[in-house]
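Sending over a structure as structure tokens; questions will come in a sec.
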Amino acid sequence: MPALHHHDPVFVLEFGDDENRFSPEWLTSVHTMLDTVCEHDGPSALVTTGLGKFYSNGLDLAWLSANAERTQQYVGEVHALLGRMLTLPVPTVAAVNGHAFGAGAMLAMAHDFRVMRTDRGFFCFPEADINIPFTPGMAALIQGKLTPAAAVASMTTGRRFGGPEAVELGLVDAVAPADDLVDVATARVRELAGKDRGTLGAIKSTMFTAAVAALEMPTS
Amino acid sequence: MPALHHHDPVFVLEFGDDENRFSPEWLTSVHTMLDTVCEHDGPSALVTTGLGKFYSNGLDLAWLSANAERTQQYVGEVHALLGRMLTLPVPTVAAVNGHAFGAGAMLAMAHDFRVMRTDRGFFCFPEADINIPFTPGMAALIQGKLTPAAAVASMTTGRRFGGPEAVELGLVDAVAPADDLVDVATARVRELAGKDRGTLGAIKSTMFTAAVAALEMPTS
Amino acid sequence: MPALHHHDPVFVLEFGDDENRFSPEWLTSVHTMLDTVCEHDGPSALVTTGLGKFYSNGLDLAWLSANAERTQQYVGEVHALLGRMLTLPVPTVAAVNGHAFGAGAMLAMAHDFRVMRTDRGFFCFPEADINIPFTPGMAALIQGKLTPAAAVASMTTGRRFGGPEAVELGLVDAVAPADDLVDVATARVRELAGKDRGTLGAIKSTMFTAAVAALEMPTS
């Protein structure tokens, strides 16, 4: 389960040491930790990462198959987390330590910046292969962060991108060796931790108005 | 006139050996061949190309000047082809063998990917020079596939881009020698031919909702 | 105060030799010169630049603090200049000779192209640091000209970009030594000066419909 560490002024949110899928408990835990980061009295910035082979594999398909009647509500909750991260009023960076698949990759995209481990792990939107089209909100989020060519190359192919390919396409901003990953990610946001939260939140909300609106649409 | 070849699982649609302008008969023929590609029982992907000096020069201005009273309907039909290609439920790549001008260049942009002959031919939106502004649908299609800088550089200048310049600006994804062009284009989509068509069509329709809506607006 | 020079077919609009902030008189003067450029009988293109250390520092905060009750009207007038430059019916290029901050940087973004002095001056959106969030119109203008990654890197950080960094991120199209700056900028638009103004204005208006609409929204 998630854990939150404070290396003032940066908070490091570890998603866990397994596939870090979005179970209802996991979502609640992450939201609570984001509350801590955003309500901190003093400069604050966020790094998220996983432990081991996975950043996050996204939707909790096992839970979903056991709770099919709650699919709509669940997708709405995933949308809510993506929209919250997209407009979080502190600087955010994903330290992609391993596989980031589907909604896990989308959560990384919702951060301001992304740094990926150089030598292992794949960044992948498998939707075209698992026959789950993107919701309008998920598509608007991803397309709001990528060039059109990168969106087509990643969203219509199901292709898996290693770190060097991901940085070349612009899926991530940089790569770093595994041992330095969190430090390199931290360096991206440490100097930004003092921004006024009302201002930064308003800037991100204005920049991503369309994606936020699409993420807030009722899911069907 | 167009011809369709099948190198299972890839279909190669040859637009013809002249300027390959969009006459009403040409449009009907291409739609029929797209039906074949999309209704094929088994994996399917599409490469389009021309023979000789031209990929396509776009609008059939000779036909239009003889049928001026049908301009609105004709533009609507061109929009329909562009919208159909933009959301075609199979992987698509344009093998730009020679000049792609105006609506011919737009048709190339509507594909998922573009590979252009290295040494000859120009990719060009001449609208700023021939005093035919882009329709909102055409602009939305082009801008939906390019970075803003590439859209300004190509749409406001009438500039002609050779292969190397086109790939540098991102108008096309890659260049290849003429003899290898169709093979290189084919390699981009062959492995993708097995995607579920309902899923892939839904993904593209969601990604390009705004451009599709603009292309479906009545023309005036 | 601004001055307009004519090196047929190119007009060079010098914003002034101080910080070139947008005082009401400055705005009126610039609009009058844009009238001259757009009404010129013959081919016409526009280069804008400053003299000395500044391209423009944007909003006239001194005037604003003395006229706080006119803030809404003033912001509306700044929006009007940005929208006019964004869709000006002649080719436009900003020769960024020195600091371009805030609305000064936005005015540069509203041009078709930007060339920046190599060795001095910063391109910067300080909004995240001065606690003035972008208006929806300003954000739509900037995002309409940048890749998503460049928009996040410049709009959420307050970071100052020198010429080489600005060109790497795509904030500007090229850099040039100070002595060659206006010549290099001029070379970008001289060959384009003969475009039909009705066509070019229509193309830009269609391309940037969303940003223009956002800039025309009442400010609150």
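Lettered A, B and C in written order, each chain numbered from 1.
Note that contacts are C-beta pairs under 8 Å (C-beta built on N, C-alpha and C of every residue); 3 or more make two chains touch, one makes a residue touch a chain.
Predicted, not measured: the structure shown is a model, and the values here were computed from it.
Asks: Regarding the chain A and chain C pair, does the interface count as same (over half of residue numbers shared) or different (under half shared)?
Replies: different
Asks: Rotation angle for the CA superposition of chain A on chain B, to the nearest 5°?
Replies: 120
Asks: Would you kindly tell me how far, in whole Å, the mean C-alpha position of chain C lies from that of chain A?
Replies: Chain centres of chain A and chain C, defined by C-alpha means, are spaced 34 Å apart.
Asks: Chain A: which residues touch two or more other chains?
Replies: 147
Asks: List the residues on chain B that touch chain C in their complex, please.
Replies: 127-129, 131-136, 139, 143, 147-149, 151-152, 155-158
Asks: State the interface residues of chain A toward chain C in the complex, per the touch definition above.
Replies: The touching residues are 91, 112-113, 144-147, 170, 173, 192, 195-196, 198-200, 202-204, 206-207, 209.
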